[in-house]
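This structure is in structure tokens; I'll ask about it shortly.
The chains carry the letters A, B, C, D, E and F, assigned in the order they are written, with residues numbered from 1 in each.
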């Protein structure tokens, strides 16, 4: 679905939550194969049985990519992704955990280089089946102002 | 390979470069299927032919995950990944581009919560075949001090 | 997204169109590997160069599965999928074609076994970049009546 | 293997059964990624634990594509696939179920548009490890007559 | 399909050829991801443009696995695979090449440890679209004698 | 990493061991889809429950491809792979087994056709979590002599 939302229309505190998705052993194997990271932390059950975690843990890049991917449902043609700040791996994700993503409009500011646009900072929290945040970051969008498109 | 490197042994300015990898149409399709993000920017050749880019562009999360994955060759058992700062999508990546990653030890600081460890900030630059940086970020590691392990 | 729509609320003639998706050589290879159908019609460029098509053609089951998948954006908790009628492979799909799906509420009828529900028949047309229908079928849903949920 | 079989040679009641195949969690994840349908019915263990099924259920399009794929062992150069009728999802398929496909020549008729060919209707039944039919449909082939090739 | 063939029934010189299959860039990416071998010989177009081959070359293990896989059409319940001898990578396989496999019963001998069985040596040749052998090896089966099953 | 090692520098008896990797059901499904070998030995849980193994067993070509892939960490630009001898499937590999690979320089000899190079024979042993060898073979490299590069 495509919905145009201008800078002025983002409301601080607005929140949305995605569907959930169970992270499977398949996802671990696919992510290793996709990125080339076959570190035993993600791939070796015996090695991890002796670790503090007791089992394999998900790649941080996978939790990030899937957590963000869950939110890809509506295209805003007036916005593009500038980057992410303060990406933190708060808790491990294990095979069989079910995650969803909660997104909250955190703050807005002028864009120093683009007077016709502003910056929207969206707080991204990936949350597991125990309601624990496993990954957090801030997504920065550059969004056109409505007045510029009037 | 596993090589133990303590906090004291990281030298500011040390740099390493990974092998290269051509980003294929397959990677686009695999990443969409892995994350669930099938936005037409990545998947619809006709739609993108009319865009400013003229062609499909890679998911930012894919350039990040593969760019970081290329560096996963040596395990340091004295370190773990804390997170990433200032992740920026500097230029688009197209089907057929060849990327590699350059990693530079940028700075070090005490860890406020862990006296036995310090923080190492590694600058990560994903670079294409034209020597242009396409993605940049800063990777933060928590690394044990050698003195603590003496 | 989840939106409850009862039997009474489906309007004959209502239509929606999905995003587009370019069918890649990767999709051919993935579908063969997923289903086990490695017939040369889909997998052997040399064999098909001598055929009437001049090139590999997509599996019918893939055009169906992806065409239907493109429409999976909104969940209606009051409905479930009963089956499909008159599934026809109207034109071949080639590597590089871009398809999208058009869905039209075609007709409604009482459900002979479920008085609290009715049947909604949705016409499904998968359409390529030349606006040609490549696959058509009719999707049958069993949908609860609003009166039953009042 | 390639075996030419003309319209006259199909015998009503002839039957064949395929090898079996266990439907794995991997197949669920691959099918979601291949089609873009990440609905929680197939992907969210927690969500489905509370449903009438108690667990994730397979995509209908996957049971169809794999069920048909299991039968792709012999090419008949005198036939091509016209479509499917009365595709019904009779029972859910769960992770770990083992399915195979039973194919029965059900009926034959003249092709209204192609005097040199006829239509063969093959009943397709996908059956699980408890001998329950989980999916049924009728596959329609257009098959050349032998007399036309004499 | 399952066909029982006893040791006595293998005829020296008997030959069969498989369907063909075009080796795609997707296969390169899938094999790297499946095995973890991301060497630039297979993955880096720029690196290989400067090599004697001028382009990426297939993993030897992939040509072997797919070449052997093409022959997996008939199960002989009286035989099992013992191993392979003299596996040689005769010529490179490039993206877009189409391969098929030719299998020839080369020789038979008594099995030194299993009097009720014998060894069948099948010559395996993977051949490209120019009729050049790209990979050769000898597959060794242990096959039960008919007399033992009389 | 790239490290040049000449023929003279290979020492008989030198050994290295790779990281471990758990072989998952996903790997079984990926390998079947990659090679087209869907034999019930690898794919049908019900069929194998009645076999001597009691469960699905890995494709021999997969244990070989992954076992070799685990060793792909250092490129020697002075060497290329000539082939493999005496590839034997010593024990079955089951879903959930964890394998690693041990490589030992076994012997060296002149290359009959290339006076500037020699042949290095590396013993390859794929070993499971019980320290049992599951697959063994000998890898033959053609390696340049240092004197030729002086």
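Assume a residue touches a chain if its C-beta (ideal position, glycine included) is under 8 Å from a C-beta of that chain, and two chains touch if they have at least 3 such contacts.
No experiment lies behind these values; they were computed from the predicted model shown.
Different-residue interface: chain D and chain F share under half of the residue numbers found at their contact. Superposing the C-alpha atoms of chain B onto chain F requires a rotation of 180 degrees, rounded to the nearest 5.
By number of C-beta pairs in contact, B-E leads when D-E and B-E are compared. If you average the CA atoms of chain A and of chain E, the two centres end up 44 Å from each other. We define each chain's centre as the mean of its Cα atoms; on that basis chain A and chain F are separated by 38 Å. Contact of a single residue of chain F with at least two other chains is seen at positions 21, 25-27, 30, 33-34, 36, 38-40.
Taken as a contact graph, with one node per protein chain and an edge wherever two chains touch, the assembly is complete, since every chain touches every other chain. Put simply, chain A touches chain D in their complex at residues 19-22, 24-27, 30, 96, 98, 129. Within the complex formed with chain C, the residues of chain F that make contact are 30, 32-34, 36, 38. Interface residues of chain D, counted against chain A in their complex, comprise 25-26, 28-30, 33, 38-40, 43-47, 56.
The touching residues of chain E, counted against chain F in their complex, run 21, 27, 30-31, 34-40, 59-62, 64-66, 68-70, 72, 75, 81-89, 137. Residue ranges of chain C in contact with chain A, taken from their complex: 1, 73.
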